[in-house]
Structure formats: C-alpha cells, structure tokens
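Once you scroll down, you'll see the structures, which are given as structure tokens.
The same chain A turns up in both complexes below, where it pairs with chain B and then with chain C.
Entry: the complex of A and B
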C-alpha cells in the first residue's frame, strides 16, 4: 500500500445571469416619513446574502446608513418580478435593478431637499443620511427631514423603481448555435488547484488542498463572497469524490436514501482552503460586480481528476471518483490494457453511469 | 409527563414514543431544532439533554422524563447572545441557517467539555452535522474564536484564508 500525492488544475469561464439573457429583475423603493428606506425586490435570499448585498447597494447609492434600509421580499404576489436566485444573478441582475431604483430615489430626495434648502439639486450631495451643499458641508438637512417635508409639506411619496433586463438572444443558426443578440451579460473566470492523496490499496482519495481564484468583478461584501467560494469548494469536492446517487451498482433500487449511504462532505473532509478574490470590474454590474454563486462549484471536480492523474497516472473520466473507480482504474493501468483516449489510459464506466439511470439509451464512450 | 425546556417547566401531552423533536416543534412551538433527515444523519435537530448533545429526532420523549432540554433559543437571545452565537455572527458562519442551531448546540457542548481551538478536533466534533452552504470553514473558525473570546459583534472577521487582488 502506498499513498500517492498529486496536483491538478482546472479553469472555467462562466456567464453571469442566464445563458442568452432574457431574465428580468425589478425593484421598488419608497422612503418612509422618517427617512428610513423600504426596498421591495423579488429576489429570494437562499442563504447567499442577496438581501444584505442589495441593501448595501441601496444604502451606498442613496447615501444613507445601512441600518436605515429594510428589505422586503416577503411575498411573491406583491413583490416586483425577479426571475429568481440562480445562475449567479442575484447581485449582478437584481442588484442592478435596486441600484437603478435607488438612483431615482436619490434624485427625488435631492429635488425635495433643493426646494427646502433653496439650493439647486445639482449642488447637493448625500452622505451618511445628510443632504449637504457641495463644498459647504455645514449647510445640511437630514434625509429624515427631507422625507418629512415631502410627506407633510409637499404631499408626495419619495419613491423610485428600477428594472434590469438584457434582451433575450434567440438562436438564429441551430447548426452553429449563433444567436441574434448579445449572448451573455458578463463573463467571470475562475481557476482551482487541487492537491490530493490517493491510497492505491483502498482507492480512497483525500483532497488536502483547494486553492481557488475567482474573478468576481467587485466583492461588494467580501465575507459573503468567501462564503460562496468556500461553500462551492466543498460542493465541488463532493461532486468530485463523494456524492454518488447510485453507489450500489448495478441496481438503482439501492440508491442512497439517507446520509449513511449518500456521502456528502462533512467538516472532517474539509481540506485546506485558500481563496483568491480577483476584482476585475464588469461594465454593467452594480459597482462592477459579477456573479459568484453557481460558478463556485464547477472547477473542483476537474481539478481533482487532474490531480488523481498526476498521482496514479490514470484519467478517471467519471464523477465522483469513488474508491471503486480508482481501483478499477489502477487495475486497468496495471493490466496494460483498458480503454485509452488520445494515447492516455482512461476509465469510462459506461454501464455504471448510464444504465443505472434506466433510460435504456446507451452512449459510446468514444475511446 | 413534564420536561424542562430552556428553564421552563412544560407539560407534554404527546404519547411517550413521540420524538422529542416533534414535541418541541409541534406541541411546544420551540422551532430552533430543525427537522432535517429525521433519522439521525444530519444533526440539525440536536439539542442538549441534561447538558449532553443528542439527536432530538431519535429521542423518544418518554425516555427523558423531567430532563433539562436546551435548544439554541436557550443559549441566548439576539440581545444577549452566547459566545458561540456571537462568534458565528462575527465570522458570518451561517448562510441559509438550517444547520446553524444544531451546529451551535454541538459547538457549545464541545467547548463546555473543554474542547480545544484545534481545527482538526473541532471538525471531528462537528462532523456529524451536515452543512450544504458554508463549506464549514467559517464555522470552524467561529468555534475556535468562541473558545478564545476572539469575536466582536460590531465588525465582520477578516478571513485569514483569503487574498484579494484588485
């Protein structure tokens, strides 16, 4: 028995928002009579932090403290339309919708404040909840007083709406996949380097290090970006070596039905993680942001497979790279035969991956 | 029968074989413990029973008469959080939050049992708790920080695992 170490790298490019676009988000913001800000947006926060990030965007854009902002997405009937929290789009698309709404609210606050202060709105700015004359910061009016004046004096509600939509790009040539418009709103780039240990007796793989670099455009909330990167790393580790829906080949009836047979990663599987956040701003995203959610669990399985090749000299071309597949790969390598692709040893477990799904359809391995 | 939940005496009407999890959530309206897999695999339902972490989904309420049951609500309120709760906030150690009550209960038991700040030991102590969002790293950092009192609710912790290139 020996432990073999290997290193591998994989990179991805990933469109932010839906492929071919066509996924709208809308937002509505109103200002309470005391200056507090109510944001209505349709984005569900599934733990990714979109409520926090969109509230940050609103607070910074208007110029008020973060804790003045309340974000309400409590029901889908009254909320503005948002296509959803998927495709790394909550910050990039829905964040842009709240940004536009907040810009309109800011303009309205400045107009009302201009009338109250008898100063042209162009000569005013808002910082930390205070409307101030540019160059004369002692001449100021609290946003709460502006909202009160709008409510009780001007008889108006300070409000603003915003919507973000990149038009749908339809496929114009089915042969090439060419589309008739802009296919993606922004492209992010990422790379993952994996270090693994492979036990050649048991076939077990231990991922010991995942070092990952993500181009996120702008990290509006770095801690939440880290949460996406680290969470994605462990999902990718699971996809790479652990999580198999059909662990008991050949019968699909014995698929894993609980955490005893479906091996999701635990804290004991956690490798060393190193996150590299690259801020390469997008032209269209709010404050230059791109997406990070869905793209964060794509590079790890390929990086791990490459590291396994570095360790034992066999390309395992099926995921997850379970001990059974590793041992089969080693046997095939040692037998000198087995399938080859472009001159390299590979293992492609066609029966295991396809037939257990039960479609009856078979694929050619292409070796 | 009676049980003590977060310091309050509660009378239980459910049959004795009812899982403690269902008694807490459905009869007593204590919603911190989460019903995840409900067969002991995920850890989201974990509570302290007389100070020891136990899966409430696998614990028949009749087997713990007069027990002191502590859920995440019993460790602290938003205005008076425990050290572990504060460290979880400081490190942004929750995302969707479903695993968080069980994680915090298990981490509390680990530290009260004299657990160290060593990452391997913490990860083994929490290995029976599934989290599908965070990647565990911030949770482990938070537990280590809670042990050393190294948290500050007014700020977010800077990650030692991150480099930002602009």
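Entry: the complex of A and C
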C-alpha cells in the first residue's frame, strides 16, 4: 500500500444571466418620510445573499448608510417581476434593476433638495445620507430632511423604478448555431489547482488542497463571494469523487433515501481552501460585477481527475471517481491498458463510447 | 463607509443562525390539510385503471385530485423559448419514472392522507425501461416518450443542437495528433436542507395565497396560473427566502397541486415532501455523455474539435433543451478553437426527470473539456499551463457562435493559481496577457476567427 500525491489544474468560463438572455428583472424603491429606503424586488434569496448584495448596491447608489435600507422580496403583490434566482443572474441582472431604481430615487432626492437648498441639483451630491453642495460640503441637508420636505411640504412621494432586460438572442441559423445578438450578460472566469492523495490499495481519494482564482468583475461583498467559492468547491468535490443518484447503476433501485445513505461531502472531506478574488470589471454589470454563483462548482472535478492521473497514472473519466473505479483503472493500467494508437490518432475510453455501447449511432474523427 | 466592496453580514443571517427565519414549513394556518401523493412504483408502465372512489370515503379525506381535475393538464414551462409542452401535471395514460405523481390526497393529517393513497385502486401494465442514453439511438430502444427517444423540437423541427464553425475536416488533416476521449459525469442531488414544500390558502376575497420555496416567484406563479387557467390577480405568491435551492427549486413541485386541492376542498393545503421523496422524485442534475475529438499540433495548438453530447432528460423534456443549447455555446471552454463540429442531443430515459442544477449545461462541459486538455498536455508532453495559456480566450477572439469575447480573464486566473502554487512559468507564458492576439500568439489558424469590432 502506498499513498500517492498528485496535482492537476483546470481553467473555466461561465456565462452570467440566462443563455440567450431575454430574462427581465425589475425593482421599485420608495423613500419613507425620514429618508429610510424601502426596496421591493422579486429576487428569491436561496442562500446566495442577494438580499444583502442588492441592499448594498442601493445604499451606495443613492448615497445613504447601508442600515437605512429595508429589502422586501416577500411576495408578488408588492414586488415586480424577477425571472428568478438561477443562471448566476441575481447580482448582475437583478442587481442592475435595483441600481437603476436607486438612480431614479437619487435624482428625485436631488431635485427636492435643490428646491430646499436653492441650489441646482447638478451642483449637489449625496454621501452617507447627506446632500451636499459640490465643493462646499458645509452647505448640506440630511436626506431625512429632504424626504420630510417631500412628504409634508411638497406633497410628493419619492420613488423610483428600474428594469433590466438584455434582449433575447435568437439562433438565426440552427445548422451552425449562429445567433443574432450577444447570448449572455457577461462571462466570468476561474481556475483551480487541486492536490490529491490516492491510496493504491483501497482506491480512496483525499482532496488535500484546492487553490482557486475567480474573476468576479467586482466583489460587491467579498465575504459572500468567498462563501460561494468555498461552498461551490465542496459541491464540486462531491460531483468529482463522491455523489451519484444511481450508485448501483445499471440498477436504478436503491437510490438514497436519507442523508446517511447518500454520499455527499461532509466536514471530514474538507480540503485546505485557498481563495483568490480577481476584479476585472465587466462593462455593463453593477459596479462592474459579474456572476459567481454557479461556476464555483465547475472546475474541481477536472482538476481532481487530472491530479489522480498525476498521482497514479490512470484516467477516470466517469464520475464520481469512486474507490471501485480507481482500483479497476489500476488493474487495467497494470494489464497494459491505455489509449489505442493508430497513426496520428490517440483514442481513449473506447469501452465507454457510444460506438461500443450503442448500435444506432457512431462517432469518429471522420466528418 | 461605502457598502459596495464591504464584508457586510448577511441581511437575514441572524434569523438563519438563530432559527427565527420563517420558512414555508413554519407557516401554520387554521384548518390546514396535509398532502400525500400516489406515485408510480414502476420505472415505465401504462396505467390501465385508476379509481379513487374507495379512497374518497376514507376518514379525514377532504379532496383527491387526479389528471381529470386539472384545467390545463400539460403546460410547457419553457414554451416561451420554443420548447413544447410534454409533461402532464399528474400522470394519465402512462408513467415514465419511478415516483411520478398520479394522484394527490389532502386530509386532516399525513397518516389519513397516506391511508387514502393506499386505498386508491390502480392497475399498471409494466413496460420495458431504458436507463442508458447511449442506447437511445438503437432500433430496439424502448419507446418511452410520445416524441420518441430523442427530443425532436430544436428550432421547431430539429432533433439535434448543432454548432458548425470553420472546417474541422481540414483541421484534422493539418493536425499532428487527433486525440479522443469520453466523459461521463453522473446524476447527483441538489440536496437542499429544505425539501420541496408549498402551502395554498384560499382567501375570503376569492384569491389564493401560495407560500412557496421556489427560486423564482413569478415563474412559479405563471406555472400555477397556466395549469389553473387563472389571471395573475387571483394569485399571490409568498416566499423569497429559500432553504437551499441549487437549481432544484426552479421546478414548481408542490404549488400547483396544493392550489388544486385547496380549490377543491375550500381549505388551506400544505405539502412538504419527505426526504425520501426529495431523493426519489425531485429532479437531479442530468447525467451527460460527452465524446471529444481534438485535432492538435505537436506544440499544443488546438486546431479543431468534433464533439458529441448526449444529455439524459429522464422521462420528460423540462428544461433539458435549454441546458443542451447553453452547453453547446460553451463547448470550447475557456479556449478559442476556430474549427468546430458539435452535435448535442436530449435523450429520454426512465430516470427521474433531470433539471437545473448549479452550473446548468456547463458543469458537464467544464469537466469534459478540462480533463481532455490535461490529457492533451500529457500526450504531447506540453506543460498544462502553457497549453491553456496558448489557446486561452483573448480579447477579440470569437466564441463558438461567433460572438466576440470582450473581457476574458483566462490568462489572469491561470497566472493567479500558478503564482499561488509556485508553478514556474517560462517566458513568453509568464508574460501572456488578455489583450488581442499578435505575433507569436496569433498563429495562422486563429487569424480568420478574430473580430476587430469594438461592439459585441
């Protein structure tokens, strides 16, 4: 028995927003008489932190403290359309809707403040809840006083709406996949370096270290970005080496009935995690942000599979890379297995191919 | 202090950490009924007889709903994207996966509901089942779906999602090596802590309030409105705080049936799936089968790719055609390959229908492409960083559908992990940038694909 160490890398990209776009999000904001801000958005928070992210965007865009902002996504009577929390779209697409609504509110606050202060709105700015004359910050009025003036003096409600929609990019030629527009809101990028230990007697894999870099455009909340990176890493580890809804395949029986009978990662499987956040701002995202939510479980399986090869010289390309699959691959390696080589062709995994398993279709290098 | 960029605590974190957040299952209302479902015990069967009359007389039973009670039985969740409807809300003629719902019972408690489910008279004729999508094309494949074994409605009438770019045949002729591999990630569970759960409350004003764990309030409200044939002002969805989704709660699993049971009984109806139901009948991540054939030069340029993708939809299409289309748009990964021939199919099997899960459509291709890249590197004896940096997307490169990459960061993220793990990169790879290709970064085969437009 020996423990073998191996390393592998992977580099990925992932689109922000629904594929082909066409996925609207909307928001509206109203200002209470003391200047506190109520945001209404239809974005479900599935644990991704979108309530927090969207509140942060609103606070800075209007220019008020974060704790002035109340966020309500609780029901469809008060909240407008959000296509949903999926496709890594809650920060970019829905975040841009609240950003636009907040810009409208900011404009209205400046208009009312301009009348109160007898200064043109273009010569005013808002910071930390105070409307100030540009270049003369002693001339100021609290946003709470502006809202009170709007309510009790001007007879107005300060409100703003925002909507974000990138137009649907249709496939104009289904034979080539050509599209008639940009089919995503932005693209995010990541790379992962995995270090594993493989036990050549039991076939067990331990993922020791995952070092990962993510370009998220702008980390609106670095703690939440790290949460996505680390949570996603563990999910990717599960996909790579542990999880299978049909563990006795080709039998489709005996599927997991509870947490104890389905192998998913636990804290005992936690590798050392090294997170790197890169901020190359996107042209269109709120504060330059791009999506991070989904891609964070995409890079690990390939990096781990490569590290397993580096450790013991076998490629396991059916997931999860179970001890059984590792041991069978070691046996095949020791029996002289490997890719078939024919001229300049190098053909791996023939036993898995549709050419071998099916009778109705073949797939070869011939076009 | 600026909020953007700050490590602010989660907006609702205290409630989550102290157990005070109200999730759907925490909502209790007077006279609330509880739900159990009659589910298929078979992977594939015809329904020969269905009779609920005995079950309706069971104690505590307030309503039973079958396919005959649904105003619009079969609704296409992505009909707006051209994916036609194929899945009945409740099975009527046949069942295509184990656990498929056939009837639902609302009763005063779950035991009474389960007793009534057990009292429903049903007769099946078992049919042969298929679980391996590689056999979907075989002449003797069991016919699972009324559309056949392969989804036939891409752009209305095609059974394949195609990408064609450049000339793969010529690329393979010019290649020094042609490397083939097969990649097969498994079905896995989204496994949220909160199982699928819904509560429908008929209101005195004639509206229906639906408490939902959906990831998409308006999307799910649209699904319920379509099945019940109601305008949106008759419905109010309450939710927005979800106990884990990971894609699985893009499906509208409980809400429509709760609403139908609430309409029929005139009482509030809750349905919380058990953990067993969550594992057996909630959608999974799809299993994928991917075969990649790359023509490469001996110094590591990828000249062309031919790729076959099979996506296991399970018994019904759901979002699978969308997933395969997204997959096809990203089948070159973070690299620029000018000659492409991609065929992607949605295959029907008797697995539990697959649906969205974190990274939908692309998680699979990331695994396949990156493992294949690693194999190419070892076969050629080229450093794995150098292989990737060479072919990495750069500004002005174009995607499989010919869209210009505006701000690709492949080079930056690779440099970052190389630095962090003390991997030594030699020049020119240590000096590579994301900027437009020129000089040694612009070999002949990449000239034609470049876009010089400043627009997208």
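Methods note: the second predicted complex is superposed on the first by the 333 of 367 C-alpha atoms of A that agree within 3 Å, B and C clash if a C-alpha of one lies under 4 Å from a C-alpha of the other, contacts with A are read in each partner's own complex, and residues count from 1 in each chain.
In this section, contacts are C-beta pairs under 8 Å (C-beta built on N, C-alpha and C of every residue); 3 or more make two chains touch, one makes a residue touch a chain.
Just so you know, these numbers come straight off a predicted model, no measurement behind them.
Student: Figure out whether A:273 sits in contact with chain B (first) or chain C (second), or with both, or with neither.
Tutor: A:273 sits against chain B, while chain C stays out of touch.
Student: Check the residue A:47 against both partner chains and state whether it touches chain B (first), chain C (second), both, or neither.
Tutor: A:47 sits against chain B and chain C alike.
Student: One more residue to check, A:260. First (chain B), second (chain C), both or neither?
Tutor: A:260 contacts chain B only, not chain C.
Student: First (chain B), second (chain C), both or neither: which does A:166 touch?
Tutor: The answer is neither, since A:166 touches no partner chain.
Student: Pick one for A:234: touches chain B only (first), chain C only (second), both, or neither.
Tutor: A:234 contacts chain B only, not chain C.
Student: Look at A:219 in the shared chain and tell me whether it touches chain B only, chain C only, both, or neither; answer first, second, both or neither.
Tutor: Once the two structures are laid over each other on A, A:219 reaches both partners.
Student: Residues of chain A touched by chain B versus by chain C: which partner has the larger set?
Tutor: C
Student: So in the superposed three-chain picture, is A:282 touching just chain B, just chain C, both, or none of them (first/second/both/neither)?
Tutor: In the superposed model, A:282 contacts chain C only, not chain B.
Student: Once the two structures are fitted together, what part of chain A is touched by chain B and by chain C alike?
Tutor: Residues common to the chain A contacts of chain C and of chain B are 46-47, 49, 213, 219, 222-224, 232, 235, 258-259, 264, 274, 276, 278, listed in rising order.
Student: Using the touch definition from the top, list the residues of chain A that touch chain B in their complex.
Tutor: Residues in contact with chain B: 46-49, 213, 219, 222-224, 226-227, 229-235, 258-260, 264, 266-268, 270, 273-279.
Student: State the interface residues of chain B toward chain A in the complex, per the touch definition above.
Tutor: Touching chain A from chain B are residues 37, 39, 41-42, 92, 94-97, 122-124, 126-140, 156-157, 159, 161-166.
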